[in-house]
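These notes are about the structure you will find just below.
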Amino acid sequence: MAETTSPTPGPSASAPASDAPVTGPAIRVRLLDQQGGKAANDPPPVPGVTVSVADDSGSELGSAVTNDQGVAAVAIPGKGTYEVSIDESTLPSGVKLTGKKTLTVKVNLASGQNVAFPLNGKVVEATPFAERLVDSIVSGVKYGLIIALAAMGLSLIFGTTGLTNFSHGELITFGAISAYVLNVTFGLPLILAGLLTIGIGGLFGWGQDRVLWRPLRSRGTGIIAMMIVSIGLGLLLRNLFQFFFGAGTRSYNEYTSQRARDFGLFDLSDKEIAIMGIAIVAIVVTTTIMSRTRLGKAMRAVSDNPALSASSGMRVDGVISSVWTMGAALSALAGVLLGVNSQVNFMMGYQLLLMVFAATVLGGLGTVWGAVIGSLVIGVITEVGPLLGVPSSIKEVGALIVLILILLIRPQGILGRAERIG
Amino acid sequence: ACGGGDESSDDNDKDVAKGDGEFVVGSLLPQTGSLAFLGPPEFAGVDLAVQEINEAGGVLGKDARHVKGDSGDTDSGIAPAEADKLIKAKADVIVGAASSGVSMTVIDKILGAGVVQYSPANTSTDFDEGKYAEPDLYFRTAPSDVLQGAVMANLLVEDGRQNVAILARQDSYGETLAEQVKSGLEAAGSKVAVTSFYGEKAPSYDAQVDDVAAAKPDAVVLIAFDETKKIIPQLVGKGVGPQDVATYFVDGNVADYSAESFAADLKGVKGTVPGAEATGEFRERLLAIDPKLKDYSYAAESYDAVITSALAAIAAGNDSGEAIASELVEVTKGGEKCTTFKQCADLLADDKDIDYDGVSGPIEMSDTGSPTSASIGIYEYDTKGGYKAVKYIAGDI
Amino acid sequence: MSDAIPTPQTPESERRKHAEGADGAVVRADNLIAGYLPGVNILNGADLYCQPGELVGIIGPNGAGKSTLLKALFGLVKIHSGTVTLKGEEITNKRADVLVSQGIGFVPQTNNVFPSLTIEENLEMGCYQDPSKFKDRFAFVTDLFPTLGQRAKQRAGSLSGGERQMVAMGRALMMDPSVLLLDEPSAGLSPVMQDEVFVQTRKINQAGVSIIMVEQNARRCLQICDRGYVLDQGTTAYSGTGRELSNDPKVIELYLGTLGKQAG
Amino acid sequence: MDIGNIIDAAFSNAFGPQAIVFALAAIGLNVHFGYTGLLNFGQAGFMAVGAYGLAVTMVRLDLPLLVGVAAGLFASLLLALVLGVPTLRLRADYLAIVTIAAAEILRLVFGAVETKKVFGGSNGLNGFTDTWNDLNPYTGGIDIGIASWGRNDLWAMTVGWIAVALCCLLIWALMRSPWGRVLRSIREDEDAVRSLGKNVFLYKMQALMLGGMIGGLGGIFYALKQASVVPSDYSTNLTFFAYTALLIGGAARVLGPVVGSMIFWFLISGLGEFFSQATSGVDPLIPASIMTDTQASLIRFILMGLGLMLLMIYRPQGIFGDRREIAIDAR
Amino acid sequence: MPVDITSAREALAALPNDPGVRKPDPIVVGDDITRTFGGLKAVDVEHIEIQRGVITALIGPNGAGKTTLFNLLTGFDVPDTGSWSFEDNSLAKVPAYKVARLGMVRTFQLTKVLSKLTVIENMRLGATGQRGEKFFPAIVKALWGGQEDEITARADELLTRFKLDAKREDFAGSLSGGQRKLLEMARALMVDPDLIMLDEPMAGVNPALKQSLLGHVKSLRDEGRTVLFVEHDMDMVRDISDWVIVMAQGQIVAEGTPDAVMADQRVIDAYLGAHHDTDLSELNEDELAEQVEAEIDAEESQ
């Protein structure tokens, strides 16, 4: 059977096993010198080794010697169970068998079966724990910083309006998608698209407030009712995104797959460094605005007591508008960064939402610094957890459990303040 | 078939519910969700089959009818509701779901309602195990992953991969296929360095990708659906992308990636997809139904699922789910060979025992309702993110 | 307006008094009907005016609508009918921040501080519209309430009831308003602080600020104010100079009681 | 376009098993949120442990249906206890997030590969409905013109509506009592209630347990009706939808959640059917250039989102709610 | 057992006016109670006794620590150090609801009404020992219906007294500031406490009503209850209290009968001011302002 195999990618140009002179169903053994795992991608073949095949009753069907490609083929009558063994004595010096001498192979493919014997197999030489730990912490910080942007947005809006915004995830998705449209549909460079998206995201937040939340506030709608409205809005937006963007995952046309660089204890690609850098700048700018400027104080004032803020001469609606603008812009930025990190999908924000909530609550609802700290904690625990035994398929569980544990000790969150009674 | 079609129609009337006389096919296939890219060929297959059945005179004297349903993802909870809808619409056979995970969530419901569930794409081994090992109302035209796993393992060994990392979605499909690849590899003397599962809805895959990278594998098998688009760039980022480490896809992610920015990275990536090579003529018939088709995965299996169940209904003389189930295995094996609905239906009209060989292969059903042998195609990607078949490997399950 | 239960009405005599005296008033409310819920009016045609530089006190039973009246003047309660004018210009239902920019300051009865802001920041909010005034006014307010200066960095939410009251009053004074609306400014303050508040209120008033204050410390209030109103069930039941009211036997019987008198 | 089908879909679902699941879930939430003010966003978790309690007992331990039901109820009770001890002293919004987190933890653990041996991984468990189906006294379905149900549905509805009625009766009896008054007071101000000598924690715990158990019952019923227990069925969306049902009807009203979930399903199914018909067939009402049938399946969720918003905007108190209560909320 | 008020007063009058003085028959005894917030020592009480069966007033400048002391005694806040007992039951670390059940009930300075309950429901909630408040008995109305009627009757009586009867069926959230104070106090009375602790009960209550309520407070005493209240209204303190405790900066600085305390120069300087009995309208304002300021300085420097 003449099977065609084209060269596999990368440095390894492996020789096709079909070079063996046997046609029809066969057991083909391929011997490669792993060199203790060092030859990961290009292990040299081991020629001149004898292998033999027996059927399940033990009677030998034939034997063969590996050729230059390290391949030996023994014809078999058809499907069934066979025993394949290697003659260790024929191994060249310096090459040792590191697995079983005899393999029991159940053949159910018409063309037969390929078999290997590990030679000089890998001595378990996985990356040292310390390095993995540092690596995980770094990815945790990166993840945490992205969450932080969204969490600050959430916290700002919660802090000022008291609204637990369940449609916050959609602000993130909105950012990612609008950058996608600018970048892919309109062909702008991603950096420009990202910058524009911050503006568009802000505009989206502003518009949302104008069209929806402000009228609700002026009708005197309660906080819980508004929270439910946000659930409805989230549902609406999510499905609208899917309606127009589709259910698939798409990527920006720049910086999608970038190779990591080795920094000793950890690896990072340029785009990851950029993500972290941008996030940090955004965080610093936001916290400065919050603590230094009049607007920052006004935001906190409005969050405490909107009526009194109005009585102090603040345009409460104006302040809330700026909060929505800022919060949405931050979240849109988070979306862009997340999109750069792990593509664009209509669910991406929603999937992140629980983590964003967890981060905000962990830090203490309504405090901007708390949101940042909470996010970093959540990000790092999520990524480090699998090293410490959290099943990696459900690594979020680690962070969520830590959330509950911390709230046990500090019910008001890390930076939250307990309220005075009486 | 051994029993013969001649007597069965009388038999079945006694212990099997009588259908309403109209043969209704419900389809529970992915319009949305992470398999949505496979929806169009599957729907086209069903539509084509229904069209040809009706051109050939329908089933039991009436036209067959197709009711569409969306299977969504396991986590979108769409499937159970849509299944209810199809059952209400008096479907006798529900073709679907594509994803094994989704099928698992609706199987008891569909079977409990006395309707046949007939998947064109489920490859999980779970459907031949435990409770479902017994004959029931569940059938499929796709081969169990025992086969795809063996082919994949064989391919890896052939390529000289001895330290393989498997990155798989955590569902009925991913878990069992990973398991099959792993046991195949180990039996053939190769080794699995790490098997890492990710949750379907995970917001990030960093930890799993780190797992893979940390194992320093010489090959990566990626068992995924649409998430592939998110995972590939992350693999690249960690230095274990397709250009660093040989990468293998499976039926869940062999798709056209030419629109993706990482398309070029995929050069040389190989993948396996169950199913025989679709003939050009069949493709044309499909294109007549849906001119926009790009992929053809599981179109043939969908088509065959409808044809065989229609034939079973005719053989049983009754269109109820139970009646169809009682004849389904029979019409696929032992008897006079036939390859089109018209041909087979004519034979049945003459009270002959038939053996339908479809466009997806000879379809010899086991008692548990799964094919006993099939072909698996091996594909390879080019520089533009497109793929083409390299060879087809036949095997038994 | 003929419900089963007759709606309370402002007596004709009061109506006339109002019509005669209200000319040229800075703040003037005519026949206000207002409430929180549709169909339930809390103010049933209340009248009030305050001449420039006047100190006007409002007293009345609990639930009479005193706070509601102040809130209505300040645009925080929806006015269904009637008008409010400021220096002859109609301001009915205007937004609060607009009124602030026109020189009205307001100290609510409850929830009158920003709990999560520090004292200093609370006061800063007082001159939100003109931060340049902060330094001067801050010095003035901390001079008035030294505690506030000493505790400038404490969060208002942790303050005692009386301390909060000082912050609330201080915040309004930060604005340097031309009309000041005070809702029970002395509530919760220690006696000496109460005196201080009354004296200072009077002083501020004499510096040219027109003040309308609601007080339950009625006797004190009537001692310092130029004119007083007694509000009952959302209507202006009596009005007159402080002395007139505090000696009016009807007012004493219904609103003032004799407690202070007996002891004093 | 077949108007009959749309009406049929709407009515069948409004009275069908799906509505019962949501009614039970929402009754439980009503105890938590409506009466006690506990912002429990983890109702899906209670339902999940109920369902898994049933399924694990029956599938893994091979015990009979009744034991399974008891196990499910017990599991939800236990969850209430375990969750309540650390969380009941949290402020409302914190409680919301923590309960979501707890429900998600449960869902993730139930669906994890590592626990597959017990919980069946992400495909969940099935194969526990035999007894349930055997008990079914009906021999066929029923078609009453505007609605129709299959044999299995009829059986589920019989049991389900009885359960709903009993729960409502219990809630009615409890909430008119002084016990209910304490709950409602806790919703308003815990400290005040404490100052009057009531053990607030105990009452909250009782409420959490009662509502959790009713939620667990909903989960058990869901499992039986669905004939499978799948972790993804118990995602946060389930809680959201249960809240939607509750608020449509009106919180803190005995019949609010029941009527709410009926209306919810009436609209969802009716709209879904309408749009699927409008976009399918040879000559669809809405041409594919405007909306494909895939997109059409999204429209009902889009409309549901919109509907939920409009409801909260124009009738925040729900169908049965008292407008005056809402006015007090305004801040 | 109602205490004979005149003899109780006489006994008190005989005591020295020292801070922390021992009382003949204390119902509350506390030692070494401290509570700090950051650097601020809000409460620092070496010894305190509250005499049974009389009305004790707790006065002191704003921020003296009165409310904080209330919070500590009733279990709403946790002290840094200290022990105290009520009717010989040690109360340290006892949760707030148990304190209330023991018969020591407090009201809040910033009112806590249950907004979405009607006024009458607020009142009913106050009653203790309700059978219907237990889960299982609650289901059967027959088990608690009778008791409920008694409670309602008692509640209605109190509402009439507090002039809230017209608001009986209204939501408590719609009450005015003063009405809330009244409801808060009336509801606390529903608990039927031995010791009732009122935190500025009359702030914001209109004078005429205040006067009539004083009568009610006195009748509480006459029924044998003990009353401890914080108040800044000296007319009221003078009128109804049998004993006055003065706090400043967390400490008890003086005690005594009302007349004695109000004559105490330190109390006058720090708290009352020299003019609390003067008619403000009769004074030259500048002069008065200066004097008042001087007094304030005295308070600050104390």
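Just so it is clear, A, B, C, D and E label the chains in written order, and each chain counts residues from 1 on its own.
The working rule: a contact is a pair of C-beta atoms (placed from the backbone, for glycine too) under 8 Å apart; a residue touches a chain by one contact, two chains touch by 3 or more.
Predicted model, so just to flag it, every value in this text is computed and none were measured.
S.K.: Could you name the chain whose Cα mean is nearest to the mean of all protein Cα atoms here?
M.R.: Located nearest the centre of all protein C-alpha atoms is chain D.
S.K.: From subunit D, which chain is the farthest off, judged by mean CA positions?
M.R.: The most remote chain is C.
S.K.: Where the centres are mean C-alpha positions, what is the separation of subunit B from subunit C, in Å?
M.R.: That pair's centroid distance is 78 Å.
S.K.: Quick one: subunit C and subunit E, Cα centre-to-centre, how many Å?
M.R.: Centres of subunit C and subunit E (C-alpha means) sit 28 Å apart.
S.K.: Could you work out how far the Cα centre of subunit A sits from that of subunit C, in whole Å?
M.R.: Computed from C-alpha means, the inter-chain centre distance equals 59 Å.
S.K.: Report, in whole Å, the distance between the mean C-alpha point of subunit B and the mean C-alpha point of subunit D.
M.R.: 34
S.K.: Using the touch rule from the top of the page, what residues of subunit A touch 2 or more other chains?
M.R.: 242, 391, 393-394, 396, 421-422, in rising order.
S.K.: Which residues of subunit B are in contact with two or more other chains?
M.R.: Subunit B, residues with two or more chain partners: 32, 36, 170, 197, 199, 201.
S.K.: Any chance you could list the residues of subunit E touching two or more other chains?
M.R.: If we look for residues of subunit E contacting two or more partner chains, we find 67, 76, 108-110, 174.
S.K.: Residues of subunit A touching subunit B in their complex?
M.R.: Answer in residue numbers: 3-10, 12, 14-17, 28, 30, 32, 34, 37, 40-41, 43, 79, 84, 99-100, 103-106, 108-111, 113-118, 121-122, 125-127, 132, 135-136, 139, 143, 242, 246-254, 256-260, 267, 269, 271-272, 341-343, 345, 347-348, 351-352, 355, 382-383, 385-386, 391-396.
S.K.: For subunit B, which residues are in contact with subunit A within the complex?
M.R.: 32-34, 36-37, 146-147, 150-151, 154-155, 157-160, 162-163, 170, 187-191, 193, 196-199, 201-208, 210-211, 213-218, 226-227, 229-230, 232-234, 236-239, 241-247, 259-262, 265, 267-270, 380, 390-391, 393-397
S.K.: Hey, which residues of subunit D end up touching subunit A in the complex?
M.R.: Going through subunit D, the ones touching subunit A are 39, 86-87, 89-91, 93-94, 96-98, 100-102, 104-105, 108-109, 111-114, 191, 236, 240, 243-244, 247, 295, 298-299, 301-302, 304-309, 312-313, 316, 326-327, 329-331.
S.K.: What residues of subunit E sit close enough to touch subunit D in their complex?
M.R.: Contacts found on subunit E: 74, 76, 95-98, 100-101, 105-108, 112-117, 121-122, 124-126, 128, 130-135, 138-141, 144, 148, 171, 173-174, 187-188, 190-191.
S.K.: Which subunit D residues qualify as touching subunit B in the complex?
M.R.: 9, 12, 18, 108, 111-113, 116, 121-124, 126-127, 129, 133, 148, 150, 152, 226-228, 230, 232-233, 235, 237-238, 273, 276, 280, 293-294, 297-298
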